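Each chain gets a letter, A, B, C, D and E, in the order it is written, and its residues are counted from 1.
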Amino acid sequence: MARFLLRRVAGIVATLIATSFAIFGSVHLAPGDPASFLLGGRSASPAAVAAIRAQYHLDDPFLVQYVKWAGGVVTGDFGRSAQFRQDVAGLIMARLPTTLWLVGYAGLLILIVGLALGVLAALRPGVVDRLVLIGTGVATATPSFVAAMGLISLFSLQLGWFPAFGNGSGFGDRIVHLTLPAAALSLTFAGLLARVTRAAMLEELGREHVEVARSRGIPGSRVMRQHVLRNALGPITTVIGTVVAGLLVATSIVETAFGLSGVGQLLVGSVTVKDFPVVQAVSLLVVLAFVTANLIVDLLHPLIDPRLSHAKGGAS
Amino acid sequence: MTTPLLEIENLNVQLAAGKAARPILDGVSLHVAQGETVGLVGESGSGKSVTCRSVLGLFPEGAQTCGSLRLDGNDVLTMSPTRLRELRRHDVSMVFQDPRASINPLRRIGDFVTEGIRAGGVPRKDALKRAGELLESVGIRDPRAALRRYPHEFSGGMLQRVMIAGALAGEPRLLLADEPTTALDVTTQAEVISILTDLRTERAMGMLFVTHDLELAAAICDRVYVMYAGRIVETQSADGLFGRPRHPYTAALLASTPQLDSDRPPRSVPGRPVSLAETSPGCAFAVRCAHARPRCTEHEPVQREIDGAHVACLRAEELIND
Amino acid sequence: MTVLPIHRRKILAPLTRLAEGDKLVTAALAVLAVLIIAALFASLITPHDPEAIDLSAALSGSSADHLLGTDQSGRDVLSRLIFGAQTGLLGPLLVVAISTVLGMLLGVAAAWLGGAVDSLLSRTMDFIFSFPALLLAIILVAVFGVGLTAPVIAMSIAYAPYVGRLVRSVALQEMTRPYIQAYKVQGWSGWVICLRHLLPNIAPLILAQSAINFGYALMDLAALSFLGFGVQPPTADWGAMINEGSAALLQGATLPALAPGVAIVITVVAFSIVGEAIADRVARREQR
Amino acid sequence: APRAGKGGGSAAFEITKDTAPAKGTVDSVTWSLYAEPQSLDYAYAFDYSPNTVLANVCEQLMRITPDLKLEPGLASAVASPDPKRWVYTIRSGVRFHDGSTLTADDVVASLRRHLDPKVGSYWVSAFQNVKSIEKTGPMEVTVHLRKPDQLFNEEMGTSAGSIESAAFLAKTGAGYGTPDGGVNCTGPFTLDTWQKGQSITLKKYDGYWDTTLTPKVNTVKNVFIQDPSARVNTMVAGEVDGGYLVPATGFAKLRAATNGTLYFGPSTTAVSLIPTNLKGTLGDVRVRRALSMALDREGIVKAAAAGGGTPAKAPAAIGAWGIAPDAAKGYYDKLPAITRDVAGAKKLIQEAGAAGKKIVMATSTMSPEISVIANAVQSAGQAVGLQVELKAVAPDAYTALFSDPKAREGIDLVMTIWYDSTPDPLEFYANLQTGAFPNYGGYSNPEYDALVDQANSQADPSARTATVAKLQEIAVRDMVWIPLYEVPHTMFLNNRVTGAPTSIAQLQYPWAARLGSAG
Amino acid sequence: MTEYALEVEGLRKSFGGHVAVDDVSFSLRLGGSLAIVGESGSGKTTTARMLVGLERPDAGRIRVGGRDRSAAARGRATRLARAREIQMVFQDPYLSLDPRITVAECVEESLRLHFALSPRQRRARRDALLARVGLGEREADALPRRLSGGQRQRVAIARALATEPKVLILDEATAALDVSIQAQILDLLAEIRRDTGVGYLFVTHNLALVRHVADDILVLYQGRVVESGPTRQVLSAPQHPYTRLLLHSVPRHGWDPAQIAADRRALAAALQETPNPPASTESPHHAPDTNPTKRSAAQ
């Protein structure tokens, strides 16, 4: 187990190094002079440009720049935002709580609503199943920004139930402020999870061991819990893993649509003005979250399916 | 013969209307007495499994049934769901063909063996203790450790023993064995069969043993039913069946099975086995039958008793001398 | 006389077989047909020039002349919606085409060649996989600028591992089937077996996945347009229309933003229904 | 006198010069900003949101009042012993927010930062004629110029003239003006907290020297609300007490609001088209004029500004003539009227032989006006036989159009919303001098250049404006920029509070100091 | 020397640490018939796969008609030449045909690859082959999905015969079929051997079957050859205890399963092997004692 974990963490580190190199490298490819942006739209005397270039190490060879940057990243120094003239780490840290709250809240909604609907559809073939299928079909097809518009017009403008902007502070206030964004964010994913749950459960329902359990006089609810739902957890967990990762990127859209100041909006804002240090840092963070989520899923799988713990070569 | 343990009379199973509507069983009648081992043989699609499962009240989705299916005199077809569950837990158990598919791979062996009795309210500790004894009785070494292991840690033969232990947990009086050894090696098959036969004598259980291996049926059964296309075509004692098959189908089946002890090469039967839905009026076997006469395709043969054998062949009497 | 109808029936046969009388699938196919026709013949069927402005008629509501009203510049929303189907379908089509081809190559190569090639390709796919599509698109937009190109390239790359992993696992499964081995024993070369037998047999599954990916690509591209990274004004594009139209919501004009939003939802739903219908057919065929 | 807009029936607006004075104190006020300031370093304060905050926190040498007049600020007196020298006498007894006392050293340090290329000040053009900045006494600073520069003194009323404690600048270094480093200037409010990404809270500064501007509000919380709809909605819902720069799309809604008032105030803002390539199709003045004639300005005002604007005759708004508002009206009236004349424009294009020629106009999703105007230009071009191609660029690229000549390659026309920081129209017209940075099209006219220099050496405002009037005439005649419309400065104010100036001078004037309770 | 169609010497193959086939040697006479028997996981299929080149042997020699084919095939010519030497029929009739290719095309493909025939000649040859295995025109145009298991196995045999091989390997080729159909296929195979002189290598665990189809027999146990010889001799006087056990295990009248179980344990103890090795030591790809006999209903 420890060896497996070590190998996976090493894999993640390798991925992150490759990722950071890819991101840094692609940004380096970008046409245009970063210095011209740093001068913020005012007359750029050659002296000023030279000063900026020196300040941001733009004249060093690419590899030197990369090593300097990567060295900083390791110590938590992601460089300085050109746009905000602040340390990128500070910029992100200030916005991280909002994003985490949003992701957490949405994640919870997705889990509860998605699982409940999926299970319901699997258990009640016929009208209920059909309704859930149609509902989740539309939900998965509704982009979060479209949902955002609908939710804002209805709940905050027409009905006035929720505030139209702001992150909120304190628990209750945050919940109130983040309800609509979390709903918009979770719509697609909850629909997806419901569908996957339904499909996984139906697949399990068709398995022989379920029929065997029935043939042994086990009550239906128990069969559902211990054989169907339990065995469907594998694919469900996989989907939850990708959903968690997908959420982090989707926040950029939702935060922009709701005017929340979080990491996603920071990313979008930074891309619009080519504030590369921020783009690099946020991208790296998202990738880190993505691979971590996948690692957790991979660690969960052997717990769900004992067959996998052996296959992975872990000592039992 | 006293009242049989299991008595199926004139069971018809039909898939409901719609595209897939078709008959599966037609007038199946069979009975199993206490302590008796009854074989059910036939080629694939003949309806052996459907017959077997129907004893537990398990039918394909949307199936319509008629006839009667009594266990100890109680009709399974009209039982309440609660009573049916009781029956499955305590009275009848089934051993399936593929143990690896039949046992939930994600749960421990102990869970599998005990789940039936625990659903009946037996506390966990007692159930586990009982499960340990059961595993021991089917020849699993270190049963206490085995309870904590997972199905994938067992070979197929061992897993089939686990399945048998699970089937025995509710102390059933009737054991349904649907090709329990088809997936196993010949040597492993012998071990599993020996366990089954031992247990049957120990517990005086009735057993309905489904197989397509005539030799195997001959070796362990008291009586054998032969099925073809959803109907029972012949019933006899095992010895009788193999010595003097009365139905041309039984005879053909026997002839086509390679024999280890005889030099007579397997004789092939033309055509292929059909399912009930594919049959035309009259005898379903007529198209493949060397002895068929035109009337065979006109009248459906009724079962008659001939020398203690029940045969559904119009020419059964004529053919005795062949 | 009879040649034409027979011919036509042949063309439509796979579709009618797919629909199999299922009303939902039939409706989805109809929606797609309408969309494709709208995209192909947009200039013939639109009531107005999608870029013709009429400032005096800005944000007029639904009327006989403008069924879906006008936007801030007084452009006809319906016409823009119809033209929007062009970029709306072209972008995802490119993404799906490129990513499917790429994923198929990667997946089949990994499965067929196995060994070191497999682990190298699988690692590569894992690596790409760790970039969410939208993130990769955003990075490429940051680097190469806005427009359809960078997002399409980014998403083609990002979607490829999804196809690649599917193809690899399906191909691995298919390769254990004796018919593939029989062809090897017959002396066929790996290429021929892959192209003639392996790929066609896994193609329906890939097609199903592609249809579903199409919907996702459409949503992602629309999201990028909404963020201002994708298709740029004045080109009519659903995502961009929502972006422009959302400002008018305050002025009480919902149609400029609502109409493209609904169009996206309907299109994606239609694609996913068709994708699932294909997957369903494959699954049922497998069962037989 | 109030000026009525002619944006069409319901959209008409009225200019309100000021709001009623505050009657009492209020503990706290929440104010909306449309974006988070990227920095509170005055050297980079060149946008609405940082200026709106800094106006209350960092005071300048000079002060521009709400009625767009220049008056002494931290310099108690200013003198120009000769045209190439400005001598500032520093006000005594002024304390920075940390309690230290303002001296000439602070002024020198603050101003010299604009000259330092490492700083990269956004205000560097204000200092283009500065030779040196010297301390000439304990409380006196002298600025030496290379050539006469009247504008320089006026720029001292903008962030170019903001004064920061030299010690604080030295101490914070690169962190100056960031949420972590903060600022330590003088002004009626101190920077209290900067919650990154969310809000900047200002606190009343008790030691402020100018007792006429003693705040009546203890804290002002500036919240950042980027989304225009959200900004309007929070105003209507009373979640914020007010805000400047109200989105045009929200006018109707805010007018109808019962909990506050939408004000239109004096402004120096005008929206124009800038021909950025005078060597291409737009090189011919007839083509530029034709395009101007073909434009539907009323329609544009209605669609792009929701009626909140008036068609313009000149590229500098009439409000930019703050130093001589009455004379300005006369000059403005003399300018040829702009009437829409598509047929005439078409003829003009034919004369110029430009029929069918191509013009590339940049457009962007950056703000909704841009695309509406771009569409209008395209349709006007079509009407007169020009082929207008819209080239969409990303927001960053759109910004770059104004800073990077390379970014403008291949683009003939861009739209801009231009405001002047000073009340002097010369600020705008100096831009069109040969070689000036914002002379994006590379317009060059010796007569014009001479007049700019002349105006910049005329100390007397009326003489100077007379010269600028000539500049205006030439600029309009040559259509160096194509004027579209002028927009008023907008503000929404909750009924609870009053006193905030409506004028665009709020960008440098401590507007929050006048804010207080309405009843 | 050349009297042998197939000669195998010291064949060995291991997967990971597990030796699946260990030092297996045998030979098959021209037109002869040899059966490889053994319990599940004894290495029968692995041996067969090595013979046709689907698996690379770790050690050992395989010769067909005197030509060595132990090394991997390089180039098209070798590949084709080898395909004309040995062909194989697989166990599962439902998975051994490409579902998209018609029966006729399936056979024709093979002819096209191996022989330069005119289209007419090819069609004639194809029809002859199909007729040979008892399939008519109606089946020729059908897709495999329309055929029963027995018919599919006939197609597979026709396809294998198309290359005119010297040796045909039948890996449990009748195990998935009903006995009545199995008998038909066995008849067919016997006929073909008589007519063409092709040699058979039967891979099976059914000893009763072996008695009727094979001249010689090779008993594998845990990858090793434990006994070999003429079928009659081995079946009537088995030498190795494992062969005896196998023989006794075949169900028949008077069969005593309890005795067999005891014998089996005794044998395992004697050979110091566990009768049922825990699956964890086995490859996850292969569940060793599940006979993959997925008997689907022939529709």
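One rule holds in what follows: contacts are C-beta pairs under 8 Å (C-beta built on N, C-alpha and C of every residue); 3 or more make two chains touch, one makes a residue touch a chain.
Keep in mind the model is a prediction, meaning the values are calculated, not measured.
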Minimal step count in the chain contact network, subunit D to subunit E: 2
Chain pair with the most C-beta contacts: B-E
Chain whose mean Cα position lies farthest from subunit D: B
Between subunit A and subunit C, centroid-to-centroid distance (C-alpha), Å: 23
Rounded Å distance between subunit B and subunit E, as computed from the means of their C-alpha atoms: 31
Centroid distance [mean C-alpha coordinates] between subunit D and subunit B, Å: 92
Where subunit B and subunit C are represented by their mean Cα positions, the distance between them in whole Å: 52
Two or more partner chains touched - positions in subunit A: 257, 272, 274, 307, 310
Sites on subunit D at which at least two other chains make contact: 229, 366, 394-395
Two or more partner chains touched - positions in subunit B: 98, 152-153
Subunit A partner contacts - residues on subunit B that touch it in the complex: 53, 56, 58, 84-90, 93-94, 96, 98, 101-107, 111, 115-116, 119-120, 150, 152-153, 166, 170
Partner subunit E, residues of subunit C touching it in the complex: 177-179, 181-189, 197, 200-201, 285, 288
Contact set on subunit E toward subunit B in their complex: 39-40, 148, 150, 178-184, 186-187, 205-209, 211-212, 235, 245-255, 257-258, 260-261, 264, 276-280, 287-291, 293, 295-299
Residues of subunit A that touch subunit D when the two form their complex: 32-33, 36-45, 47-48, 50-52, 55, 80, 83-87, 90-91, 94-95, 98, 152, 156-157, 160, 163-167, 257-259, 261-262, 265-266, 272-274
Subunit B-facing residues of subunit A, complex: 207-209, 211-219, 222, 226-227, 230-231, 304-307, 310
